[in-house]
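What follows is a set of structures for review.
Next come two complexes, and both contain subunit A; in the first it sits with subunit B, in the second with subunit C.
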Partner chain A sequence: MKTALSILAAAALATVSTQPTLAQETVKIGVLQSYSGITSLGGQQTDFAIKLFMQKFGETPGGFKLQLIRRDTTGPNPEVAKRLVGEVVTREKVQLLIGPDFTPNTLAAAPILSEAKVPSFVTGAATTGIVGEKSPYSTRTFFATPQLCKPLAPFAVKQGWTNIFVVVADFAPGHECEKFFMEALKEANGTLVGNLRTPLSNPEYSGYIQRIRDAKPDGVFIFMPIGELSIGIVRALNDSGLKASGLKIMGTGDITDEGYIDAVGEAAVGVITSGIYSTQHDSALNKEFVKSYTALAGEKNRIGWTAVSAWDAMRLTYDALEAQKGQKFDGEKFAAFLRGHKIESPRGPITIDKSNGDIVQNVYIRRAERVNGVLQNVEIETFKDVSFK
Partner chain B sequence: MASILTVLFNGVAYGFLLFVMSVGLSVTLGMMNFVNLAQASFSMLGGYILVTAMQGYGLPFLLCLPIVFVLVGVVSVVVERLIFRHFYKTDDLTQVLLTIGLVFMSIAMATYVWGGTYQRFDMPSWIIGQKEIFGLTLETYRIFLVGFGAVMAVALIFGLERTQLGAMVRACVDNRRVAGACGLNTELIFAFTFAIGGGLAGLGGALSANLLGLDPNFPLRYLVYILIVVSVGGMGTITGTLIAALALGIADVLGKYYFPQFGSFIIYLLTVAFMLWRPHGLLGRGA
Partner chain C sequence: MSVMDPAPAQISTSGRDYFATLARWKIWEILFWAALAGCYFVPEMDRMLMSRVIIWGLFAMSLDILLGYRGIPSLGHAVFFGTGAYVAGFCGKYGWTEPISALFFAMAIAAALGWLTGKLVQRVAGVGLLMVTLGLNLILFDFVLRSTDLTGGDDGLQGIVIAPVLNMFRFDIYGRTAFWYALVVAFILFVAARILVKSPFGLALIGARENPRRMITLGAPVEGDVSRAFMIAAALAGAAGALLTQTTQTVAPPTLSFQRSADVLVILIIGGAGRLYGGFIGAIVFILLQDYLSSISPVYWYFWIGLLLVVIVSFFRKGLLPSLDALLQRFIKRKPDTPS
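Entry: the complex of A and B
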């Protein structure tokens, strides 16, 4: 009796699935972000952005039913990321992936994703060359290091701050950023008056600060990973009186990231950064985005670039799924559709590069200021359509 | 010349910072022979109490410091009575495993209560900025740190190393049964010492959080530095801790100034050298 019933049920299912208009295929999306420890803000922002997007645009783009599978990468942890990607691809059979975050995780995931032909979104890794050849199904919605590290050099020289001191954290992304900034500075006819590579575990900056003071630069360019280092160096430059004496503090958006800028406090005011997203960006889409995100997440959870990168990954996913309406989900078509695709993001217009899936976007020079009592990054100049190279 | 003196002063200030952070552990580890890594968690708690009292209740900074000392002291006694006292007779490794477990628990608890991000410190205006002293531009907070650390060091050296109370504590540690037989209330003395150690750790956290930043990962980030200072200084000697903290602080800042490419490597190099030269620490009494 039981077998008879199940045969009947199977037959019924079979008839349903041959009728494409009625079928609702489920697309499983793996969300691999860091949800624990000091890097958990990224995962938190990703979740808020995805939730908000699905509230606004429904849960069935192109007639596909979405199912999210979340996993915690715990931070830059390639071993963990590799295991999790393997697990969600082979066991959970995810067809799309948002993440993993961080460059080492992205690199660890690439071979598995390429072999399984699972399209993924890079929403939290900036190293150049991690999308493209090695991972033909990846699309970057974050930014590439040169996008943030180059534009400040010509900007500074144009302001008359020609003598620049460069300070980077002594790890691979720091070296990469240092190289790009120094090249751009040379191109802009600026002068490098000194540079320092500071260790990653480094609670005390005063020895370095004195070196900067001795070199008498007009401005200092900083690249530090978000966290106690980025907070610490800006505060140390302020406490030492260097900022008050007229030294211009510049850096990538990491040093005034919205999630940490309150901890930097008054020291942040006047700091110039290059960034891809500010909640202050003047566009109707962004105003609506900030309003609804804040309504969902609360005032305390501020919006950073990870949230916007996740939001854009959702926008692209929805566009690509709409394009496959009525068909069976096809990962290769999905990735191909995104190449050359252009969307309006809360950060401004972005384009996915035709040749390798990397991102082309505007880069904004911002000054940290108090707006209605809250520290914000106010955009003061735009570099249009900056390449990822 | 001015830059050398400024760097030297910053080194001394960093040394006192290391001292206030690690002297709490020096007291419990050295005097009571109890390996309490959770001391770093007491430091973190001190930082969070300072933030809550200052930003939440609007109390002045100087008033917050004694509050931190007392509250963290009380918390540490509670923890001592509930957990630690059962482990006084166990070996070092058990104590390490127990207290590192507590550190991880404290990180989770701090994330739950205060959130995972860094705290904002609104220091009073008199303590921020710089002061001109003998032609040198020095940071006010560092001047305060040097003064506070020096007063604390003198008070502790005389209070715990030169008084009857200090003698009683050391007697309890050296031979608990005999000390008890001589009429000392060993339980009370241990709890009291523990409270002082905890309170000092809290104070260290409160004073350093403004310079080093405060988030739930604080204990793990600075535990290494605390352990270095205590082991270089020698167990159970506050003078040793002070000398070690100053030496390491000055060496670290000078090293970063003159040999920036070696970064913070110098502090470790110096530690290894010290430990080879004096395995029990600078002023350690030996095993």
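Entry: the complex of A and C
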């Protein structure tokens, strides 16, 4: 069957080009993630997700043989990212790219990808507007900042928590998130009773906590970069007794990320977050995904959003390659196929926007709870098909 | 002392003859540059990578003027590299897209900063100097990282446009223009640096390195030379930074991080300080190793780099070039001035 097909394909191609064709074309996929330093968790999750996907669905989608080329972006470092993208595109001749991660890296890669017409998946950068015009071959499977920062405002007001205090870390994504949240709060007729921007390198929160206490809000909305600062502020709010006195702690999923929620500990219980994925998501696909991922990566490596984004990038890749079965790989067709494409992801249904390749997805409001003794983000409400704008 | 410097017995009585002998080009020098240029024609050669090697070589050479010739260790050399890089970036962003003039401008700004730094540290020596240069590096890094409105912070400078070199050669993704542009600029600056260190000024620098007190008694302006050496080194480092920005159209805070200052020091030490070529040799070894290791082992490549550095430094105490040089000397049985 296979030989018959390839003979047919070869015959078909021979009529259009004199080039001899291989029975099985190899598609090289560049995987550009952080594999070293404090951000190496992203690379680790990406690797697990890709490995798992290829175990489950085979290594030859649409008759194409896949070859992975991995490189370490070392974190948000546009110079390195640009060099690596240039290298894998010109020297290794990759036809697809998963990554690079982080907004600065994604921005730096865009001109090369546009010039070389290499489709890419954005699996780890959330800033608005980085896919679309600047990189017509990019598809985002992560999330866009407004998707996380807007929904909590109407949710809070609906619960009767109308006086909100906003705390963000003082860096570009923090400013962006602050803007989106405040807009949404105004739209929902909530009241902003105060806001703070905390420095990135100051884990001492007591002064800020006092200012929150003085403003007497019903709830506080937090946006912090993933990691230490998120752990610090949730614990500080808990230790100050504010949480016990009834203050609602809200924030983007970063503050109770599965990667370190155990380090936050009891302080996390009851924290409300907006997120795109929780291992607790109730669907058959997710149950299966969690089970097999845990079997592969072990209990200790909990599943983060990067893993799901990489998984979805693979799903989209396989779908697009199947659609090109028997033909020669065409990057432009590949990117075009994904526009408007809809898939079922472990996080729920997602759609790639027709006009610019950004993602439309459900956003979940979750409450951190202990489930069978393990801290989990339990979904309590769903905002359907939230736009990336 | 080495193949490059004539043996003392040979020094002629006339000063002019002495400097003429010093400045004569050796055959292996011509071979080195020809080989570097020849890399372009090797099929499958990553020219973008080679242009990076050349840029790092130039950067390490600039540190060599300070460390190798004047004996000033600097832990903040990335300050000048980053200044050049950002100035070139701002030029590209705000409409000054012509690369060559922007390169000179970047060099001038870096040189001015270098001169100021030199003034600041000329009375400091030893560990104090390390700390001052390190401090300057950290201040500038934090400034660039925090001024998000001016520099884009972590995201780097966006919207850098660089016009084709001489209005003819566009910077392409295959690094064809980048390679020649970097090579030609590096070569010109190398020649300039070579003339400088083989001049009386260069000799005075070496003198101050070996014995500053004696130089003072000879009436040489030792302190003034520090700021001048800083200025020259900064201009060269600024040129390297500007080259990097122009060939990649990207500039971000890591260009002036402490890590970069440390890397360039490592490169110079690997290659061997005090002979201009050490920086280039070190860059070839370091950058190619980094590239190779990070591609075969994306997760653990830092480990292998560290290990290899330890091995190289313990087997070639003074750096690759001086060690090989000594080996060669022994091989030709102390026949001075017939290196090859």
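Simple rule for what comes next: the second predicted complex is superposed on the first by the 367 of 389 C-alpha atoms of A that agree within 3 Å, B and C clash if a C-alpha of one lies under 4 Å from a C-alpha of the other, contacts with A are read in each partner's own complex, and residues count from 1 in each chain.
The definition used in the following text is that contacts are C-beta pairs under 8 Å (C-beta built on N, C-alpha and C of every residue); 3 or more make two chains touch, one makes a residue touch a chain.
Keep in mind the model is a prediction, meaning the values are calculated, not measured.
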item	value
Combined model on subunit A where subunit B meets subunit C, clash or fit	fit
Which of subunit B and subunit C A:Y208 touches, first, second, both or neither	first
Vertex subunit A angle, Cα centres of subunit C and subunit B, expressed to the nearest 10 degrees	60
Which superposed partner A:E183 touches (first subunit B, second subunit C, both, neither)	neither
Touched partner set for A:R91, first subunit B, second subunit C, both or neither	second
Which of subunit B and subunit C A:L196 touches, first, second, both or neither	first
Touching partner for A:Y260 - first (subunit B), second (subunit C), both, neither	first
Touched partner set for A:I112, first subunit B, second subunit C, both or neither	second
After fitting on chain A: smallest Cα gap, subunit B-subunit C, Å	5
Shared subunit A contacts, counted only where both subunit B and subunit C touch the same residue	40
Residue ranges of subunit C in contact with subunit A within the complex	44, 46, 48-49, 52, 148, 153-156, 158, 172-175, 244, 248-252, 254-255, 291, 294-295, 298-299, 301-302
For the subunit A and subunit B complex, residues of the former touching the latter	37-38, 40-41, 170, 196-199, 201-204, 206-208, 210-211, 213-214, 227-228, 231-232, 235, 239-241, 259-260, 262-263, 265, 300
In the complex with subunit C, residue positions of subunit A that touch it	35-36, 40, 43, 70-72, 76-80, 82-83, 86-87, 89-91, 103-104, 107-108, 111-112, 115-116, 171-172
Subunit A-facing residues of subunit B, complex	3, 6-7, 10-11, 13-14, 115-122, 128-130, 137, 139, 141, 211-213, 215-217, 221-222, 225, 252-257, 260-261, 263-265
